[in-house]
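For clarity, chains are labelled A, B, C and D in written order, and residue numbers in each chain start from 1.
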Amino acid sequence: MSLEKQPLVSFETLSGMVEGCAFHRWMGITLREHGHGRVILDLPWRDEFAGDPSDDHMHGGLLATLIDLAADYAIATVHGIGVPTIDLHVDYHRIALPGPLWVEGSVVRVGRTLGTAEAKVYNKDGALIASGRGLFLTAIKPDVPPRSGP
Amino acid sequence: MSLEKQPLVSFETLSGMVEGCAFHRWMGITLREHGHGRVILDLPWRDEFAGDPSDDHMHGGLLATLIDLAADYAIATVHGIGVPTIDLHVDYHRIALPGPLWVEGSVVRVGRTLGTAEAKVYNKDGALIASGRGLFLTAIKPDVPPRSGP
Amino acid sequence: MSLEKQPLVSFETLSGMVEGCAFHRWMGITLREHGHGRVILDLPWRDEFAGDPSDDHMHGGLLATLIDLAADYAIATVHGIGVPTIDLHVDYHRIALPGPLWVEGSVVRVGRTLGTAEAKVYNKDGALIASGRGLFLTAIKPDVPPRSGP
Amino acid sequence: MSLEKQPLVSFETLSGMVEGCAFHRWMGITLREHGHGRVILDLPWRDEFAGDPSDDHMHGGLLATLIDLAADYAIATVHGIGVPTIDLHVDYHRIALPGPLWVEGSVVRVGRTLGTAEAKVYNKDGALIASGRGLFLTAIKPDVPPRSGP
């Protein structure tokens, strides 16, 4: 038996949370893996993601979306539910050319009222595209006791 | 003749920049008005914007997109072209229920290398939904001298 | 009688809050004026402020301090007391050479749980040195009803 | 011989940079250790650090200072010199009661023009007090080729 802490939500529950969101379904985001305090999600390319007519790199608002959601679901793995974003900070490191991306979210700290998590977006070559962090309202509690892991 | 400074891009040019972006066309963003250092843009609602299955409020990533683009186009009015976003900070004040939003962007400072602009997102009742600021790379210059106004 | 909203704290009370803080006394910060949702404070130069041995400009941490405290006291004028900072974002626009600075803070939004305010630091020539915003915990309430103005 | 990358500045050089700054000397900051892309620094307590008359916890501006300087010196270890801060984001997790603190800075990405680094401040019990990230102007290059390690 592993001594590693288990996530408070199962893969199926968290995956359902990701895909239960209309904007995530439109984007095509899927959960790849999760642990206690961390998640990895995948994003395929769609032509509507392009942010610039001169070249086709991804709009920065979509990279901000990836930072937001990955940070939020990282918190969900230790808090039991997704929580409202209070604020978001995103650093753009490289342009994201057309192609799949993935994002890793990890918890910095979850308190009773507030939680902070960070996230990094990579392209398929492993280059860091964007990174950032979000602040979340963890004062909103799960209605029912969250699952204690699979 | 007005002594007020004129924007360096015409309404038609700036409007073409807004709608030349595939993600903006998908969102349905349109330019409402612009001046020297400021812009206002409108966003209608689409069902794909919903960020939460339990209620239908707008995904925070789309609000971040509005902050990013309004701040960027505010800079374009004094710099002549849109510029890459370096980083972005967004504060979420209220949830955005289904319905139209508008965003106002305004320049804080534009230097030779870097520019800062801020933006505020409002709903149709005038309630402040989100606000924030972005940092932009103004070291990238227009290829041709920008228009000196209409 | 003015229809303008009055600050919830008097000049004397707010000035006492500013100078009741040991670090503010060391810095030499003083309140210049205040209104409902806004404050202006002054900072003289001290040699210990220098951040760089090669030239003598002010350390960025002290500019962050000015953004933090001016945003916080702007909130105090509508909330009745100073409140804990949750997070802080600072943009550095120009170096601050030795000499007096002043900072203006203004409220963006104050809600029941959270409040956002922004601030701008200027030198004596009126050049914008730094700007930014802070998020504050307004869930902490005054113990006694705040004064309803002078 | 270690395959690990060596920092571009020696401990003595970096320590001299830290203590060459008047504000750092006043604060009492000292370098504890450094590697390629990371630094740890120590801060003792002084009574002038107190931010609040009601209790004596450290002013948030000083915590922002620690985030700024640790992120900056983390970049210095791979860039060869300290660089100007462009912007700074700080999350406050817990109040810092009187007592020593330490801060760890680590590089997120250093590019030709811009660099991002993050930092975390801990108290002597190892509790996370504050965390954040800064953006730095790495377009400013060392005058002479930096040392290739000790």
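What we mean here is this: a residue touches a chain if its C-beta (ideal position, glycine included) is under 8 Å from a C-beta of that chain, and two chains touch if they have at least 3 such contacts.
Values in this document were obtained by computation on a predicted structure and should not be read as measured data.
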Of A-D and A-C, pair with higher C-beta contact tally: A-D
Candidate from C-D, B-D or B-C with the same interface as A-B, over half of contact pairs in common: C-D
Centre-to-centre distance between subunit C and subunit A (centres being mean Cα positions), rounded to whole Å: 34
Distance from the mean Cα position of subunit D to that of subunit C, given in whole angstrom: 24
Whole-Å gap separating subunit A and subunit D, where each centre is the average of the chain's CA atoms: 28
Multi-partner residues of subunit C (at least 2 other chains): 86-87, 89, 91, 135
Residues of subunit C that touch subunit D when the two form their complex: 20-26, 47-53, 59-62, 64-66, 68-69, 82, 84-92, 95, 132
For the subunit C and subunit A complex, residues of the former touching the latter: 86-87, 89, 113-114, 135, 137, 139
Complex contacts: residues of subunit B adjacent to subunit C: 89, 91, 93, 108-109, 111, 116, 118, 128, 131, 133, 135
